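You will see chain A twice below: alongside chain B first, and alongside chain C after that.
Then we have the complex of A and B:
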C-alpha cells in the first residue's frame, strides 16, 4: 500500500438479513424457520486518498457509501479486505485513531439533548484530552466559522434542525481531526444553510489541511467541494477520478444552448437532438466530438437571428444518473 | 480519567436536573413494590401469631426498608437503555469516541442515585417509623454494608450490561432483560427474605448471582446475618463481580463485531 491517508483494498461487507413474505402464515412459518439472505453492501472496493484531499463519495441509496464510511471510521467490522486510515486499522478502534478522526452523520445527533452544546463541548474536551488552550482556539474558530455565538448556550433540543447541524459539526471537530468522514452533511437543510455548511467545510479543509471524504445527494455539495469523486453502485466502484472528467467519460454528448429572436418558430433539429425549448431558448444535445463544429455551423447559418450561444457539459446530475443506470466507466488515468 | 468523569458528572447532573419530578416518581414507584410485600408479610405474620419463621413484623419492616434502600442504590436499567441506543443509532457516536460506552452508563447510574437518595431516605424513614422496624445491626454490620452495597451495585450493573450486550445479536433485548428481571424478582430477595424461601429455592438462590445484588446487602444492613457470615457473603459477592466483569469483556468483544449500526 502507498503512504496515503486512507487506503482501502478489496473492502467487503455482507449483511445477513431475515426475510419473510407478508401475511399471517408466513409470519408463523418464520417463527420456526427463518429465511436468511446475504446482502453484499460493499462488494470489494479499492481506493486511496492523499492527505488534504476532499473527495466526494457518490452513489444512489443503498450503493454502500454509508457502510463504507462506517467501516473506515471503525464502527463496522468488514467481512473481508483491508483498510488503513492514518496507518490504523479502523475497526480496532484504538484511542490514538479515534482521537484523530470524526464521522459526522447529517441525520444523527451525538449531542446531549437536554444541555447546552457548550457543556457537551466541555465533556468532549475531556474525552479527547484536548488541552485548554487548543480547546479555546478550536471552539473560537468553529464559533466564528459557523456563527455559533447565540446557539451554544441553548439546550440542544431548543435548536432548529439547521442550527443543530452547525452545532453538531462543531462537536464533531472539537478534537481537530486529521480525517473527517461526512455522511450527508447537508441533508434536510435549507439552501442558505447548505451553502454555509459547504463554505465551512471548504474553509476548514483549507485552514487545517484535514482529509475529507463526504457523501451527499446534493450535487451542489460535490461540485463546490470536491475535485475528485469516487462513484460506487451496488457496492462496487464505478469511477474514481476528477469530477471534471466524469462528464467527459460518462456523457458522450455536450449541450448547446442557442437563444434566437424568433426561436419559438425555429427548427434546429438538423443540428442535434432538441431536448428543451423555452420560448427563444433552445437546448440541443450533440455528440461530444462534433459539438464545436455544430456550434460554428449554428453561428454561421443563423447569423443575426442568434442572440446567444453556449456549449456546455450536461448537468452533473444527468451525468451521475447515467452512471447509476449501470454503465461501468472504470478509473480515470 | 478523573477529569473525564468530572466532566461527565457535570453534564449528567445538568441533564438530570431537567427531569427532577420524573426521578422522584420513579423513586416512589421503586418503593411501592417492597411496601406491598411488606404489607403482605405483615398480614401473614399477623395470621400466624406474629411470626413467619425467624421474622416477626418488625423484622419484616427492617428487611423491606433495607431492601428498598439497596434496590435504590444497586439497581440499574442499562439493558433497556442500551436497546434504545442500539435501535436509534445513539450508540454509534459513543463507540467512535476514545472512551468505552460503559463509562457514560456508570455516571448516569450514580447521578440518578445521587438525585433520589435524599427523598428516598425520607420515605424509608417514614415507613420504618410506621411499621416500627427493628434493625439488629451493629456498627460492624454498618461498616460491612458499605462494601456489600457497592459490590451489589457493581454486580447488578455488570450483569445488566452482559444482558444488554445481547442486543448486539438480537437488537431487541427487552424480552431477555425482562426474563432476567423476573428471575431477580424471585431470587434476589424481593418476594421474601432469602432465609424464608423454601429449602430448594433457597439453595438455588444462594448459587445464583441475584441474591448477591440486593438480598445480601439488605440482610447485612438489617443485621439478619452474623458478622463472619456477612464477610463470607461479601467474598462471594466479590467473586461474582469478578465473573461478570470477565464475562462482559468477552461478550463485548464478540458482540461489538456484530454491531450493524442500524439506524445510524
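Then we have the complex of A and C:
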C-alpha cells in the first residue's frame, strides 16, 4: 500500500436482515423460521486518499456511503477487505487513531442539549487531552471562522438548526483531527447557512491541511469543495476521479444554449435534441464529439439572429442522476 | 486520575445547569426533606409498638433507613440520569459519538450525567445514619471501615445491575419499563432484607441486589458484619461488576455490528 492517509482495498459489508411478509400468519411463521437475506451494503470498493485532499463521496440513498464512513471511522466491522486510515485499522478503535479523526453527522448531535456548547467543549478538551493553550487557540480559530461568539454560551436547545450545526462542527474539531469524515454536513440547512458551512470546510482544509471525505446530497457542496469525487452505487465504485471529468466520463453529451431575437419561432431540432425552450432561449443536447462543430454551424447559419450562445457540460445533478438511474453511456475508469 | 478529573468536570457542568432553575431546585429539596422525615416518623411510630423487628431495633432500623437513602441517592445522583440518556443514545444512534472517543465508552456513557440535587438526599441519609448510631453500638474504626467498604460495594452492585439491565437496550431499544421495575424494586430496600419471606429475600439479595446494597452496610456499621461476610460481599461485587461490564461489551458488539 502507498503512504496515503486513507487506503481502502476491496472493502465489503454485508448486513443480514430478517424478512417477513405482512400479516399475523407470516409473523408467526417468521418467528419460528426466520427468512434471512443478505444485503451487500458495500460490495468491494477500493480507493485511496492523499493527505490534504477534500473528496466528495457521492451516491443515492442506500448506496453504501454512510456504511463506508462508519467502517472508516471504526463504528462498523467490515465483512471483508482492508482499510487503513493514518496507518491504523479503524475498527480496532485504538485511542491513538480516535484521537486524530472525527466523524460529523449532519443529522445527529453529540452536544448535550441542556448545557451551553462551551461546557461541552471543555469536556471534549479533557477527553481528548488537549493542552490548554492549543485548546484556546483552536476554539479561538473555530469561533472566528464559524462566527460562534454568542452561540457557545447559550444552551444548545436554544440554538437554531443552522447555529447548532456550526457549534457541532466546532465540537467535532476540538482535537484538531487530521482526518474528518463529514456525513451530510449541510442537511436541512438553508442556502445561506449551507454556503457558510462550505466556506468553513474549505477554509479549514486550507488552514490545517486536514484530509476530508464528505458525503452530501447537495451537489453544490461537492462542486464547491471537492476537486475529486468518488461515486458509488449499489455498494460498488462507479467513478473515482476529478469532478471536472465526471461529466465527460459519465455523460456522452454537451448542452448548447442558444439565445435568439426571434427564438420563439425558431426550429433548431436539426442541430440536436431540443430539451428546453424559454422564450428566445433554446437548450439543445448534442453528442459530446460533435458539439463544437454543431455550435459553429449554429453561429454560421443563424448569424445576426443569435444574441448569445454557450457550450456547457450538463449540470452535475443531471449527470449524477443519469448515472444512478442506469442510463449511463460511456465508460468509467 | 484522568477519569476522576472527567467525572468532576461532568459534575460541574451539570451543577451549573441545575443552579439555573432555582425554584425547581428548592422544590426538589423540600420534597426530599418531607419524604425522609415521614419515613423516619413511620419507623418511630412502628417502634412505639415493638422494640425489635426480627433482630433490628430502632437504632439499627434508622441506620438502615439512612443507608437506603444513601444508596438510592447515589442511584438518582448519577446512575438514573446517565442510564436514561444512554438508552436515548441507543435509540437515536448518538452512542456513536461516545464510541469514537479515545476513552472508555462505558465510563463516558454510564457516569456522564448528574442530578446534583440528589446529593442532598445522600446528605439526609447520612444524617439519619448518624442519628441512629448512638443507639446501636459504639462506632469503632473497624466498623467505620467496614461500613465504607460495604457502602462502596452497595453502590457498585447497583451500578452493575443497572448496567446489565440497560444492556438489553442494544437488542430491544425501548426498555423504559424494565427500568421502572428496577426503581420500584429499589423501594423494597427500605426494610431489612431478612424480614422478607425466603423467596423474596433471595431475589432481593441476588438477582436484584438492592437488599444487599442497603442492608449489608447497615449491618456493618452496627457491628453485625463479620469478616467472612465482608469478604463475600467484596468478591461478589467485583464479580458482578466485571460480569456486567462483559455483558455490556457483548451488547455493544451487536450495536456496532462488530461481531466479525
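The definition used in the following text is that the second predicted complex is superposed on the first by the 325 of 333 C-alpha atoms of A that agree within 3 Å, B and C clash if a C-alpha of one lies under 4 Å from a C-alpha of the other, contacts with A are read in each partner's own complex, and residues count from 1 in each chain.
Criterion: contacts are C-beta pairs under 8 Å (C-beta built on N, C-alpha and C of every residue); 3 or more make two chains touch, one makes a residue touch a chain.
What you are looking at is a predicted structure, and each value in this text was computed from that prediction instead of being measured.
K.L.:
For the three-chain model obtained by superposing on chain A, do chain B and chain C clash or fit?
P.N.:
Overlaying the two structures gives a clash between chain B and chain C.
K.L.:
Determine, under the contact definition given at the top, whether A:138 touches first (chain B), second (chain C), both, or neither.
P.N.:
neither
K.L.:
Touching A:283, do we find chain B (first), chain C (second), both, or neither?
P.N.:
Touch status of A:283: no partner.
K.L.:
Give one of first, second, both or neither to describe whether A:216 is in contact with chain B, with chain C, with both, or with none.
P.N.:
In the superposition, A:216 contacts neither chain B nor chain C.
K.L.:
First (chain B), second (chain C), both or neither: which does A:110 touch?
P.N.:
In the superposition, A:110 contacts both chain B and chain C.
K.L.:
Can you pull the chain A residues that chain B and chain C both touch?
P.N.:
15, 70, 73-77, 93, 95, 98-99, 101-103, 105, 108, 110, 112, 114-115, 119-120, 122-123, 126-128, 155
K.L.:
Under the touch definition given earlier, write down the residues of chain C that touch chain A in their complex.
P.N.:
Checking each residue of chain C against chain A gives 2, 5-6, 9-10, 13-14, 16-17, 92-94, 96-97, 99-103, 108, 256-260.
K.L.:
Inside the complex, what are the residues of chain A that reach chain C?
P.N.:
Interface residues on the chain A side: 15, 70, 73-79, 91, 93, 95-96, 98-99, 101-103, 105, 108-110, 112, 114-115, 119-120, 122-123, 126-129, 155.
K.L.:
Please give the residue numbers of chain B that touch chain A in the complex, ascending.
P.N.:
Residue list for chain B touching chain A: 3-4, 6-8, 10-11, 14-15, 18-19, 89, 92-99, 257, 259-261, 264.
K.L.:
Chain B touches which residues of chain A in the complex?
P.N.:
That would be residues 15, 70, 73-77, 93, 95, 98-99, 101-103, 105, 108, 110, 112, 114-115, 119-120, 122-128, 155 of chain A.
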